[in-house]
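One structure coming up, written as structure tokens, with questions to follow.
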Amino acid sequence: METMGADALPLTVNSSEKRESVCVFGTGDFGKSLGFKMLQCGYAVVFGSRNPQVSSLLPRGAEVLSYSEGASKSDVIILAMRREHYDCLAELADHLSGKILVDVSNNRKINQYPESNAEYLAQLVPGARVVKAFNTISAWALQSGTLDASRQVFVCGDDSKAKQRVMDIARTLGLTPLDQGSLVAAKEIENYPLKLFPMWRLPFYMSSVLCVFFFVYCVIREVIYPYVNGKTDSTFRLAVSIPNRVFPVTALTLLALVYLPGVLAAVLQLYRGTKYRRFPNWLDHWMLCRKQLGLVALGFAFLHAIYTLVIPIRYYVRWRLRNGTITQALANKDSPFSTSAAWISDSYLALGILGFFLFLLLGITSLPSVSNMVNWREFRFVQSKLGYLTLVLCTAHTLVYGGKRFLSPGILRWNLPSAYILALIIPCTVLVMKFILVLPCIDKTLTRIRQGWERNSQPSKSALNGKPDI
Amino acid sequence: METMGADALPLTVNSSEKRESVCVFGTGDFGKSLGFKMLQCGYAVVFGSRNPQVSSLLPRGAEVLSYSEGASKSDVIILAMRREHYDCLAELADHLSGKILVDVSNNRKINQYPESNAEYLAQLVPGARVVKAFNTISAWALQSGTLDASRQVFVCGDDSKAKQRVMDIARTLGLTPLDQGSLVAAKEIENYPLKLFPMWRLPFYMSSVLCVFFFVYCVIREVIYPYVNGKTDSTFRLAVSIPNRVFPVTALTLLALVYLPGVLAAVLQLYRGTKYRRFPNWLDHWMLCRKQLGLVALGFAFLHAIYTLVIPIRYYVRWRLRNGTITQALANKDSPFSTSAAWISDSYLALGILGFFLFLLLGITSLPSVSNMVNWREFRFVQSKLGYLTLVLCTAHTLVYGGKRFLSPGILRWNLPSAYILALIIPCTVLVMKFILVLPCIDKTLTRIRQGWERNSQPSKSALNGKPDI
Amino acid sequence: METMGADALPLTVNSSEKRESVCVFGTGDFGKSLGFKMLQCGYAVVFGSRNPQVSSLLPRGAEVLSYSEGASKSDVIILAMRREHYDCLAELADHLSGKILVDVSNNRKINQYPESNAEYLAQLVPGARVVKAFNTISAWALQSGTLDASRQVFVCGDDSKAKQRVMDIARTLGLTPLDQGSLVAAKEIENYPLKLFPMWRLPFYMSSVLCVFFFVYCVIREVIYPYVNGKTDSTFRLAVSIPNRVFPVTALTLLALVYLPGVLAAVLQLYRGTKYRRFPNWLDHWMLCRKQLGLVALGFAFLHAIYTLVIPIRYYVRWRLRNGTITQALANKDSPFSTSAAWISDSYLALGILGFFLFLLLGITSLPSVSNMVNWREFRFVQSKLGYLTLVLCTAHTLVYGGKRFLSPGILRWNLPSAYILALIIPCTVLVMKFILVLPCIDKTLTRIRQGWERNSQPSKSALNGKPDI
């Protein structure tokens, strides 16, 4: 997919015009890679080193000078060095005054220092214009030209012209600069590459808890219970049968948990009579990671689908089928065709397939490149209307699965109902609440609140203000 | 996935340089959200309000002034108000002269007013430079930082410098501005967020019609016919058996309809002897939504695949299998292995799987982020060569499915052939036409026409012109 | 998905300001399309033609002049003509001096001429500032507004201001300009649209060789051997049974080949004691197309999954099942349930499903739009940790598949073991080597080498240099 490798980008040698020059302090891996890339993209690159004569292995076409000499050659200086070595820059303060210093450093831990490296640098060299950038880019990716991971360069700084210069350089290197505001944002930018899927943490914990709970629950019902009651060895169920109960149950619960916060938020807004009060933090966080929650649910639904499709290949199933047929043949018994059993079996499957199909559609539209192509109305249509339809279909799939034996006392083991009955609690609650919320009388109030109306506001104010929300 | 939430973007407080300032007229939801976001991104934000003293709940750090005072503070004024309140701006014409007025308004219906809001505004305040922008962005998304739906900001205006200023602001807010030309484009931009999948409408109608037709057709053949002729209750077939006939038939027909317009266009070009005449409108529109048509077909093919894979789990199938075995066992009949039956069954399955696999590949390459990575030659290779191969495989899959009973009179019911025979009509037509079109003699003429040659043109002209198409 | 068709972009007619003007030389297809698009986006477009009076069919609003007149109207001239006609530009050298000449030409073959068209143009008209651009855009796509394939415009040139002007035009047309450096890059840019999946070539060859080899191998074992030894006709196995052996075996081998170069590189670095020596070219190339290799492996794994899921539908399998049951019923033999067989069958399936699921996740994260949203640490986590887990699961899946009959002499046919045993060689080798590499003592040395430490370097140097890599 990579269109042009590193080798494809030739050095600008015979350029008639004067090339823009950039200085890189530090000849470590990152400095070299960045310098090489900038050379390829037509910049004149000067390396600044404490010991210029021993610095080897630098890209062809680059000069190596001392720090002070290097600084004098360019007004953009990229500091490819660790924070621990910044103190030597204080001595160069005169040479660095007025220069654009680009801090590319990262730390080893989140919030390792009280202030961000870039702010620390700004204090050390007060005369310079410090810009934070490039810390999210990997040296290896720059070298090899395979920027499969993020091309995003978060840029921040207090001087907007300096920031603009650095963003132009990033753009020339084929990267995507994103302005993050003033230097105060540097802390967040430095923490960013140390994070590991922060938005996925809550969904991951939720699904782990659900998975473990339902797994233990099913093991008790289907492995321990038969062993205690009949000395039957059902351990082989651990591999496929029990996961194929845990996965759908977890998927359905998680899918309901995607729509629960929206319903809770609506109830809260109705209760408060205004939308201008912040939701509690936990609700806010929950709402922000609904997409991730939904994708985890989709993963479980997918596993459930495949686990179900392999059923006829399993030794246990084949054995039971064969033995059942033989027993029946030997007994010469007739098993008449039951239309209602066929209806239940088929509609159970059809509901599941359609629900899964819509769920997949939801997943595909949440791909960044797809969701970026739709307008707001289309996005809401898919994520809200189609989403609720998916929840309805999947809940119906589970209800029909229960069929006639639903809540019949025969399936209780140690008074524990089947896992799928537990799985229905949250989805049914969400659907009932949603149904109440879309009743015309309640929906009308909610819509008014969401358009800015407040139950307890002074009537004068909104009349005076005269600008309804748009 | 969201890298930095709203909270991560600190206010620029200690900035040494003078910050650029923006004025927002109107303190509704959208105005507040946009103002807050701009504050975060380092702008000085001034709100203009009819009643500055009663406007509350505004973001910290923002000033609230009267309209005229606000206007004097900045040369960019964002009008976060409804079109219905624009008339009050006419009184402020003196204060607004020379300013950049950003119209962010939307309407409630497509083409609600004879002229676009932005053009109306330009007439009201002739001295101002009106730019249309930001109307596709949702207030809620700006607030929460989850711009999962479009980050695209369509911008238009008659003054290119003003447009550039607004596009810079959009870029700073992390959005993607797209220049749409002069202010005449505002109408289209205002209609855009009101549209619901415009390119999907034709494919949706086509597939609905096909689906309903084939569903009724199959119900007649497989539910009503056995009921009338033998009083058999086959209603349970409505859930799985009949959908699993309707879906593949619809999928194959839609896939053929993806390639039919291309073939028709080629025939039309051959007939006319030139490519410089426009196709009829219906053909144009059909060609533009081929991608959507193909994706709908893929959806049906996917449903067909899963419906087929669950076959062995169905009660009806298991019952029939068991009964068949028992009958045979009791009769002590031998059923010899038929190599030709095995060949037909296996090649039918293999063709279907390979066709579906290629179809999925086509679907994946039509994802915006994937198709954006390939060059034009690669895109044509995938969508044309692989596309036709898919059509050939899926048609062959259907033909082999028919196997020996193809067109045998025994399968006619009330003189209606099986649905899959109807499904073969369009694909076979397309393949035969395509086969004729790629015959060397015809292909040569077509290629010449597509390179700009015209059958009836004066021979002098192209010789004089001397610039072949590239 | 296309937001606004060509018709939506109105001409800028009543613009008060002076529009920027662009001249297009050549009235072929591409020239017309580009000119029309620029008119729509608000440029004043002048066509230059050798015979202005006979050039017809040009977009409304455009002027047609002679070359020299056209050139005098604008300082940006787009040369929509073939390289073969460039010589006529030499005569116009005076009129073109100082102008920005945009070379949009493509060739018919890779490296058709010794120098790139753009460099040839720069020699012909030394006074002009030549910029290469737009050659990757298709005329048809510009006309129809469906830029589904690449919107990327590679731009190169020796004059950075001229390059900037052209990049601005590209941006205004809704395209994505990418600066590729000086005019030397033109050769690469001209070759780009002629390439057909260059990064996929090695994976394609590797998988073809593996596929053909294993196919022939399986045909010998499963079709020719039974025919020679027992005159049994097993040809029907060619359609499903044998592909379903070839696909998983190829998928597993390819997946192992994704991780083999990383392991080899680590061994090489350990052996050399430095990371500052280039890998051999074959290893470099192999490492760069690992993603493509993995995606091809995923394709085969997907086919294996579906081929496995259709097993119970196959005539052969149903026939065998029925016959087995009948034989058993007639013999009145009991087949006791074997817990160990159930365990092997179920864990084999579970391992396969989980491996396939993780493999799919890897594939999804390699979608450009997804991988662009994750940071470097997350990308490495997914591609390395999850990748190895996938390899472990898939290898275990194959090992358990063998079960007890693994290497038992009974399954040798003509001394050939089953194909899956061959498939285990490379994965097991990779896993053993990786296991050795992550042993603490070896991992420590490797980490130090990767941080820039060199075994044979002068100790003084790194001490003096004092800048560890970051």
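Note that the chains take the letters A, B and C in the order they are written out, and that residue 1 is the start of every chain.
Operating definition for what follows: a residue touches a chain if its C-beta (ideal position, glycine included) is under 8 Å from a C-beta of that chain, and two chains touch if they have at least 3 such contacts.
Because the structure is predicted, anything quoted here is derived from the model rather than measured.
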Rotation angle (°) superposing Cα atoms of chain A on chain B, nearest 5: 120
Copy pair chain A, chain C: interface residue numbering same or different (half cut): different
Distance from the mean Cα position of chain C to that of chain A, given in whole angstrom: 24
Touching two or more other chains - residue numbers and ranges from chain B: 1, 3, 152, 192, 309, 312, 325, 329, 367-370, 372-375
Interface residues, chain B side, partner chain A - complex: 1-5, 8-17, 20, 26-31, 40-42, 49-51, 54-57, 80-82, 85, 104-106, 136-139, 141, 144, 146, 148-152, 171-172, 174, 192-197, 233, 235-236, 239-241, 243, 299, 302-303, 306-307, 309-310, 312-316, 318-319, 322-323, 325-326, 329-330, 367-370, 372-375
Of all residues in chain B, those that touch chain C in their complex: 1, 3, 152, 154, 158-161, 178-182, 184-185, 188, 192, 199, 276, 287-288, 291-292, 305, 308-309, 311-312, 321, 324-325, 328-329, 332, 335, 337-339, 341-347, 349-350, 353-354, 356-357, 360-361, 366-381, 452, 460-461, 464-470
